[in-house]
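Following this line, the structures themselves.
The same subunit A turns up in both complexes below, where it pairs with subunit B and then with subunit C.
Up next, the complex of A and B:
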């Protein structure tokens, strides 16, 4: 089946972290230990939203050596397609769910002499697991974590309490900004940089580091894209002989699944490449939204990532 | 603590045999029937040929994640001898220790679950108790604490597990061979390959690059998921049941390729099959690659009529470049002549199982 190995879990606890964020704790249905994982990994949570199947990726934030449960934090997106709203409104203790085995698209480079982490908002979650792992197995790190306000700075208290010398917090509403050029200039050779947060922050951190001469292979980032909304469009599926319509709040991948087409996927956020599909005919414009295909591949229009990308025009035929 | 084997273990099941000097290795009749004959049709060409590594037919080499067979104890003794003469056959770069613990956990849990009569693992938090009865090992140690084992975790567990192992670190959208235990290899060197990327260590393979096989295989492996291991076969030919066909010792075993005669070929020539499995490891995000070698004497294999017919046809029609890379081109005609006596021209059924 597409999407890889699954875990059957029960929601053990839901905690209001702040006005925007809830934390969910999953335990295995049969009481067996959860698989260990690597810091930076995510799981894809499957939701049955009143008949609509939603699958959203969330970074695992719990200690990877804690086999009793997995924890994720979900930031409510009132303007989103509904996945985070479903989690906030309908996922309560006792609910049985299916989640994927952990997949890591944002791993630590274990050769690094030091790990420099930059987090914005909910982008803190993968770093929580990575810091726990580094605490077990050794490894220097330094975290710079920016949030809109003190009230929205999830997990800042526990991070600063456990690692007072390594954790630095910044608040937008107090006009505090990471002095990035200075932070980057103070790192020992062999440091790897990791950034997770809003799109603008990732671009700012990567371009600043690049302009200061940091090697490309020492720079790591993770950004999950929500599939996004758009105009409905029609797609011909050549391999299965079906014609489907993708709704405004639906991704092409979701529309194929709703039509009973077993299409491959892993991250569902335009990052992993698993759902890459060949375009057979296209009379119109593919709205590429992934960061898997290269700029040249986007321009050529012979491939599409159905988990996030859309189409506008007369007709689109893909090999699925 | 040491890892000296305390054998009293050669019983009715585990064979007391050698893979060197007098070469007393052999398969029992039951061992022949469960031999992983790699050809599911009458011809052969490279392919990625991956499938999920899920439990397979009972009694077959696929029944369990890590097959323990009648050669287990003797193979582990042979590995210890190879390592004593060349310690560089086992190497692990400093950043791969956590992956070594991942592999130790994977193997111990699997063996204790699948072969409770031979292996027992008891856990009290991170205080573990491991019993390996065939090798006479009874150790208490602390999981994730290197100082509590006589070797690093990777070397410790692979000295007790049949098959070669490599650990691949994943970074920069590539895989890097950063650890290995390699004593039963088909003529490749860990000491040469360690630290190489996926394309670098596969560079010598002919034809497959042109077919784009390695591009697809790398893409596939980068998406390998924990909990969903995969497997494939590879094969070659070896004169004498020699597990350790290493480049480092080629002057010793290479010349044996010239020792075949029509009279001794059926006894000396072995089909060498590798059952390769790939596992994503949980804590390190590394990929473990197990390369399990099975040796089948030509005389043994042709006792299965279907395999005698098919082996003749595959070797007769194989691409000479492939035969050269696998190192048996000089003996190919002699093999075909010997095998022809076991091919009556009858059709063979699809698939590799002996009886189908």
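Up next, the complex of A and C:
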């Protein structure tokens, strides 16, 4: 089955972290330990939203050494397609759910002498697990964490209490901005940089580091894209002989699944590459939204990532 | 592609590029022998040559064939230019520089494989990605080879097979390379038929 093996879990706890964020704790149905994971891993949570199947990736934030449960934090996105709203409104303790085995697309490079982490908002979650992991192994790190306001700075208290010298917090509403060039210039050779947060922040951090001579392979980032909405479009599936219509609020991957096509996927956020599909014919424009394919591949239009990308035009035939 | 044309080989064999100026707060150059020419060629491409030299630290040693272009490098006017008599005396200087280097340092390695490999090994040990260390081969193609039997390393190997300078076995020089050890692997050539050693051929000059 696509998406890898699934874990059957029960929601053990739901905690209001602040006005925007809720934390969910998943335990196995039979009480057995959860599979091990490493800091930076995510799980894809499957939701049955009134007949609509939603699969959203969330970073695991709990201590990787703690096999008793997984924890995720979900920020409510009122303008989103509904996955986070479903989690906030309908997921309550006792509910049974299916989640994927952990997959890590944002691991620590443990060869690094030091780990420099930059988080924006809910982008803090993978770092919570990574910091726990580094604490066990005595790894050196420094965290710069920006939030909209003190009230929305999830987990800042626990981080600053546990690591007062390593954690630096910034609040947008107080006009505080990370002095990025200075922070980047002070890192010992062999430091790796990790950034997770809004798209603009990731682009700013990566381009600043590159312009200061930071090496490509020492720059790590993670951003899950929501599939996004758009005009409905039709797609011919050559391998299965089906023709499907992708709705405004649906991704191409979701539309294939709804039509009973078992298409491969892992992250469902344009990051892992698992869903890559060959384009057989295309009369129109593919709206590439992933960050898996290269700019050249996007321009060539021979491949599409159905988890996030869409199409506008006359006809599209893909190899599924 | 580097100036040196190497015969096609297995994937393990290192490949070299051409040094390009890149942005950085410090430009650390480690070179030997003819590698000096790669440094001057790279500087000729720099948009801000004076600025680059003002932030450049050159660590140089003559090549295994005796080529010594110290005077040419010293005349460039880099912030620091240090000549070590040999590779083993150059490496402690590199280690010292690395111990308080910061990210934003750009690395440029040029010259023979022994020098490039050992400098890369020491830079890599800090956690810096080897992929982002620029390397350009120039000059001699003699190899640094580890005997897989006694683990001893023989420098400047020119012939294949050659006699291990530690245990005395006759070794076949493979293209199999260890980045961690910074050496090619040498395997006993007459293990099955002791004494049946083909005459050595000069493969590396």
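By definition in this document, the second predicted complex is superposed on the first by the 320 of 320 C-alpha atoms of A that agree within 3 Å, B and C clash if a C-alpha of one lies under 4 Å from a C-alpha of the other, contacts with A are read in each partner's own complex, and residues count from 1 in each chain.
As a working rule, a contact is a pair of C-beta atoms (placed from the backbone, for glycine too) under 8 Å apart; a residue touches a chain by one contact, two chains touch by 3 or more.
From a predicted model like this one, the values you see are computed outputs, not experimental measurements.
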| item | value |
| --- | --- |
| A:198 touches, of subunit B and subunit C: first, second, both or neither? | neither |
| Partner chain(s) touched by A:111 [first = subunit B, second = subunit C, both, neither] | both |
| Subunit B versus subunit C as contact partner of A:301, first or second or both or neither | neither |
| Contacts of A:36 with subunit B and subunit C, given as first, second, both or neither | first |
| Subunit B versus subunit C as contact partner of A:80, first or second or both or neither | neither |
| Which superposed partner A:218 touches (first subunit B, second subunit C, both, neither) | second |
| Touched partner set for A:247, first subunit B, second subunit C, both or neither | neither |
| Partner chain in contact with A:4 - subunit B first, subunit C second, else both or neither | first |
| Overlap of the subunit B and subunit C footprints on subunit A, listed as residue numbers | 109, 111, 217 |
| Subunit A-facing residues of subunit C, complex | 22-25, 98, 100-106, 123, 126-129, 131-132 |
| List of subunit B residues in touch with subunit A within their complex | 95-96, 98, 102, 105, 144, 169-172, 219, 223, 225-228, 282-285 |
| Partner subunit C, residues of subunit A touching it in the complex | 109, 111-114, 184-192, 210-218 |
| Partner subunit B, residues of subunit A touching it in the complex | 4-5, 35-38, 40-41, 64-65, 100-104, 107, 109-111, 133, 136-137, 217, 266, 272-274 |
